[in-house]
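Labels for the chains are A, B and C, by order of writing; each one numbers its residues from 1.
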């Protein structure tokens, strides 16, 4: 059974069809990578899967349960689905530690001490324990993203969605975020990652999903995509990314 | 009086309102530039004075200043018996404190490196300020100065209380003459909006455009 | 200035009135400002237009003109008669709300933009998002703008003289009428305004310094 799955998911904003009839699922322990040109609907799809936006039509299943028709408590499910954003989204009035503590305390109901201990563990995993007491503005973009990842993993989610976590970073800062994500994948974390980092995809992805104009164009293993994509569009885009 | 005639009567007072605003703005501009430079580059003693001036005039109501000068000092210095003159001085003194702050933050944004670069060319401090810092600071200050003029146009209405015959006074005269509480007040409020709105909006747009152009 | 001691009750009452109208004006103005900001961010086209007309009108015209409109024109048009102090409160609130809408909108947008989704993704319910994420930040961002608004409102209350409110400066006018000592009276009154407004600014400065956080810059 898939941890998270969507069937025929469509999202329309006004007259713009952002995501069109997308079906995909992520099984326990899998890492899947979504890629495609900007505006291809990756972000919208992830937000729908993260239950941050309601799809216009289609169904989303969490552990086999239809989320919307059975009227689940969305906040409880959101807590089980981690989300890492493209733009640094840390709460700016809280330190790195405070950012990780917030959800543990006010969603999962940990005591202050427990929450802090657990938050420190998460910060250690992303190698940010020495920066626990710094405010977001005092951290680099890469460090902020690592704290964002710690904030997500501290909640012990069943799956983590990454929305191009390195897209807004300088080249030299990308690697530190990517290596953290690789660690997570190696530890068997269930992940769906939107990214253009093909090296990351090649090393850890079980499956790659190519999207364009709101639709899934091609699904395959990294080997397939790197050897010879089946569709012309995927081939062109791969060629562009690989320079 | 037809509404058109009433409107014309109100508009006849606009030059007085604008001249009070403009003169007090210019007085405030001079004071603002001088005091902001003093606060940044001056000696300790001068800084102290500039700081005090700014603090005092940012914390007192302009109408209280007008009363103090017109009724209070007017008895000793006849020049303050002139309400027009007193209004310009009061508004200008208060505006100077506002403008000093506007310029201080503008000069702050120009940056220390520009001053260093200017002195490294061998320019004296005065010349660096005059030819390098001030031109840039003026552009950065434009949006702030725009709202300052708008503020002065609105605050010039206080001068009606000490007897200047400006737009608010004409409104009052019109109210008495037509015995209407509706048209004169609505029309004059709209005239003020028409005077201030384009000014503040246009200067704000111009300022940000110029800033982008010069990469400031 | 010792003669002013004879009028101390009178002066104190006037000063209290001034403080009262300032605080209530800014307080009610904040509520209006929040509503206007919400209307401008989330409202439909018509609400946006109404909000903007309201804001531009009250920011673009002098407070004195607004006082006349509320105290004289409004009753003439609607038959609703307000006493001077109510008209004063209402006008100051409308005026302050128009100014406060600007920075409140900025503060809301600054917090809501990226962090709202992040808080949502953690599973926080709306009430907790407001309590732990939005409000603590919005308050910090708003304090400097707030202190500007309080100071400018405190100075503006002198305009209430035109509709006859017995505020602080107006008590001065009455004292001068009896004592013929304008210089001392108005000097004293100006000094009290200065001490009051300056200390208000200072206190809010200190509060802001205590709670400020690097990177959380105010929007003005």
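Operating definition for what follows: a residue touches a chain if its C-beta (ideal position, glycine included) is under 8 Å from a C-beta of that chain, and two chains touch if they have at least 3 such contacts.
Just so it is clear, the model here is predicted, and its values are computed rather than measured.
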Chains contacting each of chain A and chain C, listed by label: none
Chain whose average C-alpha position is farthest from chain B's own: A
Chain-chain pair with the highest tally of contacting C-beta pairs: B-C
Most centrally placed chain - per-chain CA mean versus overall CA mean: C
Geometric centre distance via CA averages, chain C-chain A, whole Å: 45
Distance from the mean Cα position of chain B to that of chain A, given in whole angstrom: 53
Centre-of-Cα separation between chain C and chain B, whole angstrom: 21
Shared interface positions of chain B, touching two or more other chains: none
Touching residues (chain side chain A, partner chain C) in the complex: 47, 50, 52, 75-83, 85, 87-93, 102-103, 106-107, 135-138, 148, 151-152, 155
Touch list for chain C against partner chain A, complex: 114-115, 117-125, 128, 132-133, 136-137, 140, 213-216
Of chain C, residues touching chain B in the complex: 56-57, 59-66, 68-69, 72-73, 75-77, 151, 154-159, 161-162, 169, 172-173, 176, 182-187, 189-190, 193-194, 197-198, 201
Residues of chain B touching chain C in the complex: 55-56, 58-65, 67-68, 71-76, 150, 154-158, 160-161, 168, 171, 175, 180-182, 185-186, 188-190, 192-193, 196-197
